[in-house]
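Each of the next two complexes has chain A plus one more chain, namely chain B in the first and chain C in the second.
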Partner chain A sequence: MKVTLAMKPAAKWFIPIEAESIVPKNFLSGTDLRVWRGNRELRLDEVFSVSVEGDADRAEDVEVVLSGDTFRLKRVGEYLDAGKITVLGGIGMHCGNFMSGGTIEIHGNADGWLGREMAGGTIVCRGDAADYCASGYRGGRKGMKGGTVEVFGRAGDFLAESLAGGTVIVHGDAGDMTGAEMRGGTLVVHGDCSRPAANMKDGSCYVYGTARGMIPTFKKIGTVQHDGRTLIRFSGDLANRGKGNLFVKGYEYLD
Partner chain B sequence: MTELLVKNACVIDPLRGINGETMDIAIRDGKIVEEVSDAAEVIDARGMLTLPGGVDSHTHICGTKVNFGRYMSPEDMRAGRTPRRGAMHATSGYSVPTTYGNSYRYSVMGYTTLLEGAMAPLEARHTHEEFTYTPLQDTMANTLFDGNWAILEAIRDGDVKRVAAIIAWTLKAVKGFGVKLTNPGGTEAWQWGKNVSCIRDPVPYFEVTPAEIIRSIVEANELLHLPHSVHLHCNNLGTPGNYSCTLGSFGLIPDLNEKRQTLYATHVQFHAYGGSEWKDFCSKSEPIARFVDMRPQIVMDMGQVMFGRTTTMTADGPMEFNLYRLHHEKWSNHDVELETGSGIIPVIYRRKNLVNSIMWAIGLELALLTKSPWQCLLSTDNPNGAPFVKYPEIIGLLMSKRYRDAEFATVHPDTESRVPLPAIERELDWHEIAVMTRAGAARALGIQDLGKGHLAPGADADVAIYPLKIDEVDPSAEYQKVIDAFSRTEYTIKRGRVVARRGECLVHGSNATLWVAPKVSDGYDMGKDPDFIEKFDRYYTVRMSNYPVQEEYVTRNRRIETEAEL
Partner chain C sequence: MIVKDAVCPFCGCLCDDIEVEVEEGRVVAVTNACELGTTKFMGEKRMKNPILRVGDEWKDITYDEAVKYAADMLLAAERPLLYGWSGTHGEAQCVGVHMAELIHGVIDNTSSVCHGPSILAIQEVGHPGCTLGVVKNRADLVIYWGSNPIDAHPRHLSRYTRYAEGFFLENAFRDRKVIVVDVRKTESANIADEFIKIRPGGDYAVLSALRAIVQGKADTIPRTVAGVTREQLVRVANLCKSAKFGAVYFGLGLTMTQGKYKNIRNAIELVSELSRHTKFTISAMRGHYNVYGSNEVNTWMTGYPFGIDFSRGIAFYNPGETTAVDILARKECDAALIVGSDPAAHFPRKCLEHLAEIPVVQLDPYPNATTAFCNVQIPVAVTGIDAEGTAYRMDGVPIRTRRVLSSDYLSDEEVLARMYALMQEARER
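And then the complex of A and B:
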C-alpha cells in the first residue's frame, strides 16, 4: 500500500504541525487520522491531499510518501516499528523519535532531533541534519540504543549525544560536541568536527577529517589502519573514567 | 456555616483510643464537632476504614533543594504527566514532581499535613512560596541549624541560653516550625572540604563536637518549649558500620519532655548499617530497635528504600559527595553561607544490587522490630528512599508476611545471610498502621493539641476514608487490596471539605502553614544583640532587616506562640 500525503498550501504555513499520527501502521485502518496545528486539531485531509494506492494488512507493506512543504511537520514516524516513510522534501523536528524498526528516507534536510532515542530501524537523510541528530534527550542517561542513521550532508551540533548503541554515519562535516557523552555504539564522521566524544564512557567514534578543539583528556595510543585510512587512536574520556575509542585522521587542540 | 456528617464510618483514632468503632463524624466549619443539624450534607461511609488525615512527619516536597532536583533531572518530568482536569492543574514528574503533583498525589492517598524535612533559613522564602502551591495539605518546615556559625560559637562558649535565643530569633524570622540537625557539624566541616566521622570529631575552626552540638541544641529546644523535639539526621549517613555512631548519638539524649519524645531521629534505615566496608555490609536494625525500645525519649522514622528510580537530596553535603564518587553520575553541591549546605544526586535502587536489597530490608525490620509503633513512623524520607507514592506498598509489606516473602524472593540472593528480615513473623495491624501514618506522627510533631492526627471534637476536620472494610479483608493474604485502598481514598476531607474523591482532586484548596514564634525576654532578643547584629552584617550577603520572611509569603498562617524559659 502506498499512501501519498501532499501538503496543501496553508495561509499560516509557519505554524508547526504535530504529526505523530503519521506512522505506517495507522494507515492500515484508513486515513481518518488527526494532527494538531497550534492549538487546533485537524483532520489529515485538511492538511494534506491524501491518496491511497493498493491495500495491505501488515505495516511492513505500507509506504507513506510525504511531499510539499513539510519542513514544519514535527514528530513524523514517532514510535515507528515497521513500514517505510519517504519524505521528498525536508522534514521538521523530532522525526523518527523512539523508532524501533522500519525505514525513514528523507530526500531534503532534516530539522533538529532526527531519530532521537531510536532503538532500531534505519533513517537515511540525503540532505543535512540539524542539531541533536541521533541523540538522547534532556537529562536522559541513554540516547540512541540501536538502528542506523545515515546522513549524506552535514550534521549540526551534539550529533549522537549520549549514543548508547547502533550506528551513526555522517558523510559531511559535523558540528560542535559531536558524540558527547557517548556510552556505546559507533559514530562515523567523514568530514571535520569539533570537540568529538567529550566525556565518552564507551563506544567508538571515527573522524575521517580533522577533530578541532580536541579534548585534552584523551590518551593517545598510536596509529591504526581502518577502512584503508591511517587513523590516530585515542582512548578516553579519562575525565569520566571512560574506556571509549576515538579515532581521528587529524586533530588540533585548542590554543 | 457549612456542615458535613460522615455516617457509618469504621473509625480508628489511636490518639483517642478508638479502634475500629462504627460511628458518625460531625463537621462544622472545618472542625470536628459533637453533632450537626439535620441540614448537614451527608456522606455515607458504609463501614469503610476511616482515619484522621495522614501526617507525614518527614518529607522533602518544597524548597530550593527540591527545586534543584527538578532542574537537574528534566528526564524526571517525562514521567507522571497528567493533563489539566477540572480543578486540577497539569502535573508532571515522578521523584521530584511539580508542587501540584505532590499535593494531589498526597491528597489522593489521604494525607492532609506535611512536614518539609529541611529548610535552609536563608532560603526560606522559596519553601514558603512552594507551600502556597501545595494547596491540599497544611505544611510545616523544619529549619536547619546544624552548621549555624552563631550557634556553634555559643556552644563553644557553653552558653545554651544563647543557643536557644538564636534558634528563637531564627525560627520567628523564617517562619519555621522545628529544629533540624543534618549531620551536625559535618556540613560545616564540608565547607572546609572535610567531614566528621562520628560524634566525637571536632568541627574545624569552631572546635565543638557533634555530641556537644546535639546535646546543647536538645537542651535549647526544651528551653523554648517548642512543639516538636529536635529532628536529627545522624552523622555518618550511609556508611557501613554507622549503627554504632547512631547508637552513640541516641545515648546522648536525656528524657526531658513528658508530652513527647526528646529526639526525633529521621530516616534511621540509612543509619543502621553494620560491617566495615561494602563487602561485609549488613543490617544492624536489631540493636537499633532494642535501644529505641528502652528509651521512650526517642522516636524515629523508617526512611524505607523501595526499588526504582528516585532522587536523593539532603543538607548533608559530604555524604552526597561520597555518593557521587560511588555512582559517578549527576551531582549538585550547594553552600548556604553561615548556615548549612546541601547535595543532590539522582539514583536507582536495584533488586539485583546486594547493598540496595539490604537497605530495603533494614527499613522494614526497623518498623517490625520496634515494639511500639509510636516510636517508629512510616516514611521513605521522600524522595530519598523512594517517592511517597510507594507508601501503600510499604503498608502492604508491613501487614503481610506473605507479601514480604514474595518480594524477598526477588532481591539479591545473598541478602538472606545479611539481614534478619526473613525470620520476622510480625504483621502490623490496622491500628498500628494508623499510628505510624498519622497519630504517631502528629504526637511526635507536637501538633495533636492543634487538632491534628485525631478526630476529637475541636480537631481540624481532616479525614481520610479508604474504600476498604477491615473486617472483610485479611491484609496478610489480600495485601493487594490493602495497597489499592491506601493508594486511593474514597474521600479525603480537608478542613471540612471533600478535597479528593476516588483519585480526583475536587477543589483548588488553600494551605495553612504552621510556624512557631517562641516568646523570649528582651535580654534574649537576638534582634537587639550587638554582637549578633555585627556578625550578621559582616558575614551574610543580606542585610539583617531583609532576612525575615514577610507575612505575605505565608498565606494562611497559624502562628504558634511558646513561652520560652529565657
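And then the complex of A and C:
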C-alpha cells in the first residue's frame, strides 16, 4: 500500500504541525487521523491531499510518501516500528523519535533531533541534518541505542550526543560537540568536525577529516589502519575516566 | 519617611538591607544599594496609562480596554508566546502559567537567554550548590568564572566573598583567596589573587584539563590549553584541592559561549571531582532579581523550569525548540505577551522581525525598546517599589519584596488576573 500525503498551502504556514500520527501502521485502518497545528487539532485531510493506492495487512507493506512544504512538520515517524516513510523534500524536528524498526528516507534536509532516542531501524537523509541528529533528550543519560542513521550532507552541533548504541554515519562535515557524552555505539564523520567525543565514556568515534578544538584530555595511543586510511588513535575522555576510542585523520588543539 | 530593610529588585543578589527615603510619593534617597539598585529605586518617567497603537499613533486607553485587547489576542492565537517573567513577582508568574495552560500557549522566561544552559547542565549532572550565607561564612576560595561581579553584581563581593566577614574565617580578607577566570582582564580580575586568561571559546578545554589534573593526570595535558599554561593549571588545581571550602560562581561568559550547557556540565563535574578531595560548591550568578523565582514557579507548576509548550494541553519542554528566541526566529508563534523583560533590547534581529509582524502586548512600567513592537502596552507598578511579592535570590532563597511607596498603578498580578478571568469566561462560554 502506498499512501501519498501532499501538503496543502496554509494561511498560517509558519505555525508548526505536529504529526506523530503519520506512521505506516496507522494507515492500515484508514486515513481518519489527526494532526495538531499549534493548539488546534485538525483532520489529516485538512492539512494534506491524501491518496491511497493498493492495500496491505501489515505495516511492513505500507509506504507513506510526503511531499510539498513539509519542513515544519514535526514528529513524523515517531515510534515507527515497521514500514517505510519517504519524504521528498525536507522534514521538521523530531522525525523518527524513538523508532525501533522500519525505514525513513528523507530526500531534502532534516531539522533538529532527527532520530532522537531511536532504538532500531534505518534513517537515511540525503541532505543536511540540523543540530542534535541521533541524540538524546534533555537531561537524559542515553541517546540513540540502536539502528542506523546515515546523513549524506552535513550535520549540525551535538551530533549523536550521548550515543549509547547503533551506528551514525555523516558523509559531510559535522558541527561542534560531535559525539559529546558518547557511551557506546559507533560514530563516523567523513569530513571535519569540532571538539569530537567530549566527555566520552565508551564507544568509537571516527573523524576522517580534521578534529578542530581537540579536547586536551585524550591520550594518544598511536596510528591504526582503518578502511584504507591511516588514523591517529586516542583514548578517553580522561576527564570523565572514559575508555572510549577516538580515531582522527588530523587534529588541532585550541592552544 | 525612611523605609528600612527594603529589598532591592534589581539583580539576583536581592539585597535586603536597603534604606529608602520617600517624600511625597517619590523616592528621594537610597542608602546601602549599589549604583544599579539606586538607579532602579530612583527611576522616573513611567508610562501614565495603557496605550494602543492606531496606525502610526499611540492612543490612550483604559486598563479595561487594554486587558480585553490582550485576552482576545491570546484567545484567538494558534500558538501564543508568553515571554519574560523574570522582572516580576512570583504571584504574577503563577497567573502566567495558569494562563499559558488555559490558552494552550508557550511560556518561556529570560533564562532561555541567560542561565537556561545552566539548568540544562543541572538536569544532566545535578547541582552541588549552597546558599550565599554558607559561602560568606565558610569559603576560603572563591572562583568567578565568566562573570564580572564588580560591574554586574556589585555587592556580591562585599556581602558574600572578597570583602565580607566570615564566621569561620579568622581574617576573611586575608584568608579568602579569589580566582577570576575570563577572556579579558575585567575590573573583577584586578582584585583577584589569581587571574586565568582563557582564549575565547576555550572554557570547556580548560575545565576538562583541570578535571584531569585533579585526578593526577597532568602529564597527558598539552603545554598550553586555550592560552593557559599547564603550570598555571596545575597551580590552580592545587589551590582548589588545598582549600577547605571552595565556591565557584559562573556567569554568562560560561553559559552563553561556545558549547553553552556543556561548559556548565564540565564545571559541575570539576566541582564533583574536587569534592573527592575537599568541599566544593558551584552556583550561577543570576541576573534579573526574580529569574530564579520564575524557574521555581514554572517547575512546581509544570515540572519544567522554562520553555514550556502547552500547545497540546500537556507540558512539553525542549529548549532550542520551545524557547522564545527559537520560536521567534523560526516564526512559530502568532501572538506574544511580554511581561517583565525587554526582548527587543536583547534578542537577535531575526526574532524582532517576526515580533514586528504579530500582535504584541507588553506589561512594563516604562517605555522601552519593546514598546516599538507593541500593539498595546500596559504600565504596571514596580515590584519592590510600589508593589510587593515574592522573589527568589540567586541561591534559591525566597525573599518577600516590600512596597516602599503607594501608587495608583496595578501590579502585574492584578492586571494578569483580570486578563485570566476574561479568558476563563470566554472558555466557559
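The rule is simple: the second predicted complex is superposed on the first by the 255 of 255 C-alpha atoms of A that agree within 3 Å, B and C clash if a C-alpha of one lies under 4 Å from a C-alpha of the other, contacts with A are read in each partner's own complex, and residues count from 1 in each chain.
In this text, contacts are C-beta pairs under 8 Å (C-beta built on N, C-alpha and C of every residue); 3 or more make two chains touch, one makes a residue touch a chain.
Owing to the predicted nature of the structure, the values given are computational and were not obtained by experimental measurement.
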item	value
Combined model on chain A: chain C and chain B, fit or clash	clash
Chain B versus chain C as contact partner of A:79, first or second or both or neither	neither
Comparing the two partners chain B and chain C, which touches a greater set of residues in chain A	C
First (chain B), second (chain C), both or neither touched by A:152	neither
Which of chain B and chain C A:132 touches, first, second, both or neither	second
From 73-81, 127-135 or 325-333, the chain C stretch with C-alpha clashes against chain B	127-135
Set of chain A residues, in rising order, touched by both chain B and chain C	137-139, 240-241
Residue ranges of chain A touching chain B (in the complex, touch as defined)	137-141, 240-241
Residues of chain C defined as touching chain A within the complex	77-79, 103-105, 120, 123-124, 199, 201-202, 204-205, 207-209, 211-212, 215, 217, 220-227, 258-259, 262, 265-266, 269, 310-313, 317-321, 330-334
Touching residues on chain A, where the partner in the complex is chain C	12, 14-16, 18, 36-40, 72, 93, 112-113, 131-132, 137-139, 176-177, 180, 195, 198-199, 213, 215-217, 219, 237-241, 253-255
Complex contacts: residues of chain B adjacent to chain A	72-76, 78, 328-329
